[in-house]
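What follows is subunit A paired twice: with subunit B in the first complex and subunit C in the second.
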Partner chain A sequence: MNEVLLVDSVLLFLVTVCAVAIIEVRSLYAVAMLTSVYSLLMALVWTNMHSMDVAFTEAAVGGGISTILLIGTLVHTRRDEKPAKKRVHVPALLVTLLTGGALIYGTFDMPRFGDPEATIHHYRVPEMMSQTVAFVSEREGKQAPPEGYEPPPRMVPTAAPPHGHDAAHGDEAEHAAEGADHGAEGEHHEDGGHHKHPADDFNGHVPNSVTSLLAAYRGFDTMFETTVIFTAGMALILLLRRPREEESTPQEGATLRGQVILRVMTKIFIPFILVFGFYVITHGEIGPGGGFQGGVILATAFILYALIYGRNALYRIISPKTLDVLAAVGVLLYAGVGVACLALGGKFLDYAVLDKVSPGDGEALGMTLVEYGVGITVCTVMIIIFNQLAEEPAKAKAS
Partner chain B sequence: MSELLGIYNYWIYVVLMMIGFYGVIAKKNLIKQAIALGLFQTGIFLFYISMAVVDGGTAPIWTTIGDGSIKALGPYDNPLPHVLILTAIVVSVSVLAVALAIIINIKWKYGTIEYDEIAAMDRASGGGDDD
Partner chain C sequence: MEWTHTVTAVFLALGCLFSLAGSVGLLRFPDFYSRLHAAGKTDSLAQMLILGGLLFVSPDWGVSARLAIIALILFFTAPTATHAITKAARLDGLEPWTKEDSRRE
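After this line comes the complex of A and B, so read on.
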């Protein structure tokens, strides 16, 4: 039996139990903690399915940030759900059973779990994986496919023994090894980007396919996802920020400063969290990670500080105004990279033209800048959201 | 048996989605509803990531071989669903945050976050469009 599936079945059973508990438990604090457990279990599920980047995000977002947000909200609202009159809501149960039945019926047509022949692995994905979309679409400003270039074999992502080591692939691998002698000082993306040969193309790009797809093939999508996050931050400010005159007398809520263990442990942890966050952002192209994950991890350091030392202490480090500006700067940096590509004669977010600025690793440069943009926006927006939800209830606001 | 195991993940995705769906319909507490919506979302995430798995595959990150060059050793899981879900998770926390902010505003205005009480107040004050 598939070993992925073995671990998977146990974890997913726990996840399901957790989900039922989340719906049924009435104490909302308990629910907040259960969602944290649920997310950590989910992160394990993602890891088990080799989706490292998603696991990172889920652990940081679900296990960390959203739990804090929920608890921050519970401070303002009631702690318990009102008991329902009936234990089971019959119409809802009927609707869900019907919908669920229809969906389960649909799953019988799904390809088997892990089937390498499933359609999803073939349409366009091999080209994306080998980062040769440029050749396939033959756009302007890019070189035509070099002589002897062959379209990637059908299953580049799984170009493994079971699926045949066909000629084109063996060739590529050979050249990849050959091309390694120039600039193989451990900096992987230094050699290449020139499209001398498909093998170089293969060798000079970013190793983490998730990041390369995120920033290049789905660059527009990612840019607007970042905009969505930015918009959410702005929405929080509009919904919850108090008028300026009230802001001038910030109330210091109860802090945990008096707790020696928490205070000392926070001071010890924060540098490590920050270093790890920066590592995740900067190494997004080489290993698992990137702007989204790193941004959230960085934000947790600031939020932890604010939780223990109070938000006024946080504002002394980084003022609300700076946060607002930085959130916009991140999105602008992303869009700016796109505009820079336009200015250099390419298309929007066509990182290849950045080779003119930084010969050899234009793509890596573009993607790194974009990741920084995403990281800055995600980090600051998460802090903004936390700050807004942690505002003291404005009693004067009752209309 | 292996046929059924092959779609086990898809069943769990349906179950998670339906638990969330039930919560959205049946629960009157607005915070519970927001969380249930999150459960619904994770069901969909599970669906996408499950589709990405390839037998014997590993994380879609090319391997650094001995001499420092990078090589696709494969087989790899499909990275495209990972990309989609990675951004979706961060967007989902933004959605949750906006929902919670709106809930806090409702609490300030109505003094409760139970949907039926809010509806009753709206009816009492005539139509609910008193703003």
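After this line comes the complex of A and C, so read on.
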């Protein structure tokens, strides 16, 4: 038995124990903590599988912010679950067993764990991995290119395009814009468009293939994920926000005034959290991380500040109105990059057109901008959600 | 076997031992405060030992620096968290366990 499998088995066993505990435990605060433990264990599983981006997201979102938000929600409800009637519902049990059986049966068709023959190691992924600097500079610790693999021809910068090409390009751009208007008609430009570089080549500018996958190949998915988060923030504002009549509620950090240790530690650590958050957002295309994780980390810094110093102190730094606007700005930045691509004669979110000289640079620029957009929206929406959850009890007491 | 591996093994074993002791204390001690005392102290020491032990086998300076930073951050945040939890319990009115409590039972 190899070590990876052993570690995975132990971790998955712990995950199962955790899941059972979550179902059985009646205290909802304990459940909130257990979900956090569950997420951290899953993050370890992902790390064991070398999928750092997923592990990072799981740790930051599942283990971090969602626990805070869950506990924030629990403040409004009750501490304990209602005791459920212990009775076996036979049809439900049958449906569960059937679904579970079907799912397990489905896994038989999946490749064995760590199988080198698995499709993912042969279809597309090797080409994408070849964009990484790892193959180029043969850095230690990175994967060697698979046997018999030929890297796609490196993109040649078209610094001074011949005149004829330029004219043709303009023509095509017009045509492409027209095609976009008529929807599917633009499809047949797939090969003949402005792409002088291989479709998958980002010129080594985006070494993290996960980011290139999420921001370029699946750019639409990521954009709408961001929109979903934005919508969640808006929904919470509409549901929970009350008009703020009494601006100066004197409850700011009242219970934490004497907490010298907490206040000092918070003051020391918030700058580091902020720097790390910015680092994760801005380096998403190079290392693990990106807008989602970085945004969440940034948000925790603000939430920590609000927890220790009171929400009014947070509002003095960043007003609720600014937060609302910034949440929209992030989504608009993402969509705006797409529109800019359209305006420059490409397709929506086709970042290569952003840089005429070197499409690879354009891809990197587009992805970075898009990550900033995601980061801004995620960060502000998380703060908005926290603020809305924290607002309610103060109002209830006042009324 | 290189001497660095031996040092790392000793450090890791010590770290695991302290972790285990903390877990036993968490289960066996009579009340909230003493349990947290067991868990909090041993955790800080165990993480220092484990991360410090790994320093000896880290392949380059980048990894060493990261390990050191993680150890430093945990060294500050873990006791702060313990402090916050205890203080919250105290403010909530939880009385520490005394010998009278055990006699009453």
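One rule holds for everything that comes next: the second predicted complex is superposed on the first by the 276 of 399 C-alpha atoms of A that agree within 3 Å, B and C clash if a C-alpha of one lies under 4 Å from a C-alpha of the other, contacts with A are read in each partner's own complex, and residues count from 1 in each chain.
Please note the rule applied: a residue touches a chain if its C-beta (ideal position, glycine included) is under 8 Å from a C-beta of that chain, and two chains touch if they have at least 3 such contacts.
None of the values given here were measured: they were computed from a predicted structure.
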Partner chain(s) touched by A:T16 [first = subunit B, second = subunit C, both, neither]: first
Per-residue contact with subunit A, leading partner among subunit C and subunit B: B
Contacts of A:F269 with subunit B and subunit C, given as first, second, both or neither: second
Touching both subunit B and subunit C, residues of subunit A: none
Subunit B residues touching subunit A - in the complex, by the definition given at the top: 2-3, 5-12, 14-23, 25-29, 31-32, 35-36, 38-39, 42, 45-46, 49-65, 67-87, 89-98, 100-105, 107-109, 112-114, 117
For the subunit A and subunit B complex, residues of the former touching the latter: 1-2, 4-5, 8-9, 12, 15-16, 19-20, 22-23, 28, 31, 35, 38, 42, 45-46, 49-54, 57-58, 61-62, 65-66, 69-70, 72-74, 76-78, 81-82, 84, 88-89, 91-93, 95-97, 99-100, 103-104, 107-108, 110-116, 118, 120-121, 125, 128-130, 155-160, 162-163, 173, 176-177, 179-181, 184-186, 188, 191, 202-203, 207-210, 213-214, 218, 221-222, 225, 228-229, 231-233, 235-236, 239-240, 287-288, 290, 292-293, 296, 378, 381-382, 385, 388-389, 393-394, 397-399
Subunit A-touching residues of subunit C, taken from the complex the two chains share: 59, 73, 76-77, 80, 83-84, 87, 91
Residues on subunit A engaged by subunit C in the complex (per definition of touch): 140, 255, 259, 261-262, 265, 268-269, 272
